[in-house]
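What follows is a pair of complexes built around subunit A, which joins subunit B in one and subunit C in the other.
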Partner chain A sequence: MSVYKHDYRAYSGRITPAWARVGVLVRYGLAEAWSSKITIGLGLASMIPFIIFLIQIYLANNPATRLLVSRNNLRFLDVDAEYFLRALEAQCWFALPLMSWVAPRLITYDLADSALPILLSHPISRFGYVLGKFVAAFASLASVTVLPCLVLFVYQCYCAPPGWTMANLSIAFGIVAGTTIWITLLSMVGLAFSSWVKWRTLATGVIFAAVLVPAGVGGIVTAVLRTRWGMLLNLPFMMTQLWQRLLGVPEMVRTARDWSLPSAAILVMLIASCLVCAAMLNARIRGREVVRG
Partner chain B sequence: MGIVDLDRLEVRLGGRIVLNGLTGELRGNAIGLLGPNGAGKSTLINTLLGFHLPSSGGARVFGLDSRHDRARIRQGIGYMPENDSFIGNLSGVRFVRYMAELAGLPPGEALERAHEALFYVGLGEVRYRKVSTYSLGMKQLIKLAQALAHGPKLLILDEPTNGLDPVARQRMIQTIKEIRKAGSIRLLISSHLLRDIDETCDEVLILKDGRIAALCNIEEERRSHRNFIELETAGATEQFAVNVRGLGCECASFPGGRIKLVMPDRLEARDLYVIAGEQGVQIRRMSQRRDSLEDIFLRAMGNEGQAANVGL
Partner chain C sequence: MAANANTLTNRLKQQPWGLWWLQARRLTRIEVRRNLLSWRASWIYFLAFVPAAILLIHAVFDRFDSRNRLDMSDDTMVLAGIVQFYYIRLGVFFGCLGIYARLIRGEMVERSLHYYLLSPVRREILLLAKFAAGSFSAILLFGSSIIAAFALTYLPYGTAGHDFVFNGPGLAQLEAYLAIAVLACLGYGAVFLLLSMIFRNPMPAAMLVLGWEAINPVLPSILQKISVASYLRHLMPVSVPGDGIFALLTVETEPVPAWAAVFGLLVLIAVVLAYSCYRIRRLEIRYTTD
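Here is the complex of A and B:
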């Protein structure tokens, strides 16, 4: 019916399956997140280290460059687990400002205008809503973390002599596992804090603070109490240690041994952080607020 | 089976009983939900939508349990909340399309229906503007548009005329009447404005302190009081009143020749003129008063704490 025919008519067409509604949230979430020029700028900026690492792989596998390197005995062109750790760290830290900007766009617009009653009055659950937003955040972060790192690995496999791929397959696993853990945690933190701060700019700052302030507190605890357990509040330190172990980089290369934390303790801390974020989301993402008293 | 069936529905929020043992069957095409502020109107709507779980008892919408069939209930419901509820950063058409897609319409159909719904409610010309730039009346209308876009079986309107100026209010009421007239959608309208309900609904559920104060068909209720008559007379008024009582009417005389009476069903207004003619009394004005919704409401409010089914 043409739009100028103003009569109301019931809808009798096809209905999409229930799981597809999450996809709708993802699609609109991604569109909203990437409609900002700042998001595009951050995305492009995150490609700078990727391009540098890509050139480095090319040079490392270029016979003429190798000849030069061997003449000068330089190690900087070695493409090994430590090289991929540097790439992983660079890309993953670009994900933090990106998440700080993207997560508030995904959630705070809905909260600022009290859109949740309307959104949740449709056949989608609270879990479905959070899942949709989470997938949008995760996909945005994956585009600047796991994808570039895997592209680097694939390019190195292509350029390297036969046998390199099979000998270093654990690096690919480390990249996928390390980035997945990081962007899952970052997405949860981003969404949880965005759901509690309606003002978008403030939410961006709060997400940064949520990662960096505990790190500072952890450093103080470690220094004052002379215990390594304070580093459990230091998310950057914990993630660096985890990435080292996942990629198989010797720890002495990266950190002082007496500060190292058990992997189990790191994982427990990360899971606890995710659970806290889930509880924060559960408290805020509701069709109606319940006033106690 | 009614549109909404309530079975000893009790809802507690924050440790307080907000809905207390509601039992009833709502069958009308347009059901009004009346009550003073804090009576539990919005809580009942939120419970039907599955936002609140009953602490005991239950509610069914189109035979579906509000506790277990939330997704299926929501599939068939269009909801217009009381307060501002929209995504201000989206254009009108994108917002309505988004909601239609969430309701299960494929993207193409959702876009088409979004345009139609916006034209239907009168926002066709501003559909590409961001919702945040809309006036209050427009925001009310876009909430209505998104509730209609997916073609629901039941449209729940929570205070639809909230904050509207008289012209916008009249337009909203007219739109609701048109939707009701179209007949494919049942309406559940919550309001504390009697006039809104009076103009749009055929059944009313009146809540007070979380209990049902009255549940009645407005037309039937009016019909049951149709024989209440007020007269203004001149001449031998007292004798006229005596003769009217002789016909079996309940009658009361007031100064200035005013008479109020309730006629038995067997009598008609013509009989009064016959007696007046015989007595030489002039009947200068006769009004056959219908019970207004206000009367029904005030009577219900008087039934403090009683869950009375008034004439269903």
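Here is the complex of A and C:
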């Protein structure tokens, strides 16, 4: 097509800072993610264990309750690192179905509808696009993991006798570190697999499979080759061990065999998983359109 | 009563069974080719054959003593664990989810189902042919992977392995594992085919099924009957107990005879398929909303 007018000039006014452009993607991403009734249902469902744990803190710090059950075992009323580990595990596992539902909504629509070339023609880089989607996923997951766990901690600080907070401050750091690692990994896995599956409905199942199937394969490697290193493929097992160490919970002897893994190996594996996900995103998030025919 | 029966028999005889059979065969052939020979199906091969690949590494690199029966009994337990925990809970589950959810819902997403619905084929024939194709693909993949895993478990033991398979309980165990794989493919397949017709996005429902199957052993015995995996557990030739907290919470149900477990599962499959046939009669496509 011929271009007759040659008086177009680049925009020379004030431009928005780069972070603000990413912020637009985050805002729209969050709106898209939470516009679904299923997302809201999953978010509400993840509050059920939080409420149960909240009631437990109230009962544990209530003198009347303690007096009533004092003749029996008071162990279940203890609010210690093990209690927070249980809360952390419950909240973090609720994050998996939420992620498997939210991540395809964030990214698959753009790819399936060939909207990516249009989005990337705006003044935003590929990295900025992925960062915006990542922040939206991360914030969605943070609302059901780190926030409820920290609220539990703060409520316990408020209810407990003076001195409890300072003596157990490491638990709060453990909660923040443990949930941050988990939701970072989950966001990366969710976005990477969503970008590779064109069919959004299938992407939800694929994200579940991406977490659970390697765990099964790791179990087979451990059992067949008689090596504990197979457990490095078992994400639930690795994360449980990491959370135990971060919160300072003594490792429970679950089986006769010692399958515990060094923290360094777990961290290397988690970083490697994130890098693989980043490579998957790098391969797919490109401003191009493939037309077959 | 007898007259009614005669009328029904006559009506059945008058149906164009030959044409239906031909249509079903052609549809099945198209679907099987799409399920097995496309690049998109490669992940199902991975799901099916990854245990066999690990067992191959074990067979090639680990040392075997043909007289060491202790190792062989260990490997027998490992194989049972692979079937019970990997194939039934993960491999067949996700494999069938991918295969069967694609049969109807996938065609809707790709906007090609209306070609089938416009052609002069009864919808029930279409559904059953697609189910047959999915079942053939899933059974072929997971059946052959179980045979490969079984062979790779006992081949390295040489004569001791040969004795175990042909003069011991080995062949009976292989038969049981294959029967479990076939029933798992049919059971999960029927459920996922129905879910893909009921829901626009069958995945949340499928994940609920996964969660239900996972917590099923700790549920009361009456609730354990509403599950594919619980029927299959009764068919296991070697039972592997659960580990950790699940072992404490597991509710041991009365052992069910093999024929009852198979019959129960077949009834479940038949009921689900009959309802799917009823649903497809009323199936409407709105591509704008799908």
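As a working rule, the second predicted complex is superposed on the first by the 268 of 293 C-alpha atoms of A that agree within 3 Å, B and C clash if a C-alpha of one lies under 4 Å from a C-alpha of the other, contacts with A are read in each partner's own complex, and residues count from 1 in each chain.
As a convention for this text, contacts are C-beta pairs under 8 Å (C-beta built on N, C-alpha and C of every residue); 3 or more make two chains touch, one makes a residue touch a chain.
As the structure is a computational prediction, the values presented were derived from the model and not from experiment.
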Once the shared chain is lined up, is A:287 touching subunit B (first), subunit C (second), both, or neither of them?
first
Quick check for you: in the superposed arrangement, does A:86 touch first (subunit B), second (subunit C), both or neither?
neither
Check the contacts made with subunit A and report whether subunit B or subunit C touches more of its residues.
B
Is A:245 in contact with subunit B, with subunit C, with both, or with neither (first, second, both, neither)?
neither
Once the shared chain is lined up, is A:228 touching subunit B (first), subunit C (second), both, or neither of them?
neither
Doubly contacted residues of subunit A, that is, touched by subunit B and again by subunit C
none
Which bits of subunit A are touching subunit B when the two form their complex?
1, 3-16, 18, 20-21, 24-25, 28, 32, 109-110, 112-125, 286-288, 290-293
Residues of subunit A touching subunit C in their complex?
38, 97, 100-101, 199-202, 204-205, 208-209, 212-213, 216-217, 219-221, 223-225, 254-255
For the subunit B and subunit A complex, residues of the former touching the latter:
13-16, 46, 49-52, 70-72, 74-75, 77, 79, 81, 83-89, 98-99, 101-106, 109, 112-113, 115-116, 119-120, 124, 131-132, 143, 146, 148, 150-151, 178-179, 182, 184-185
Can you list the residues on subunit C that touch subunit A in the complex?
47, 50-51, 54-55, 57-58, 62, 75, 78, 81-82, 85-86, 89-91, 94, 97-98, 101-102, 105-106, 109, 200-204, 206-207, 210, 243-244
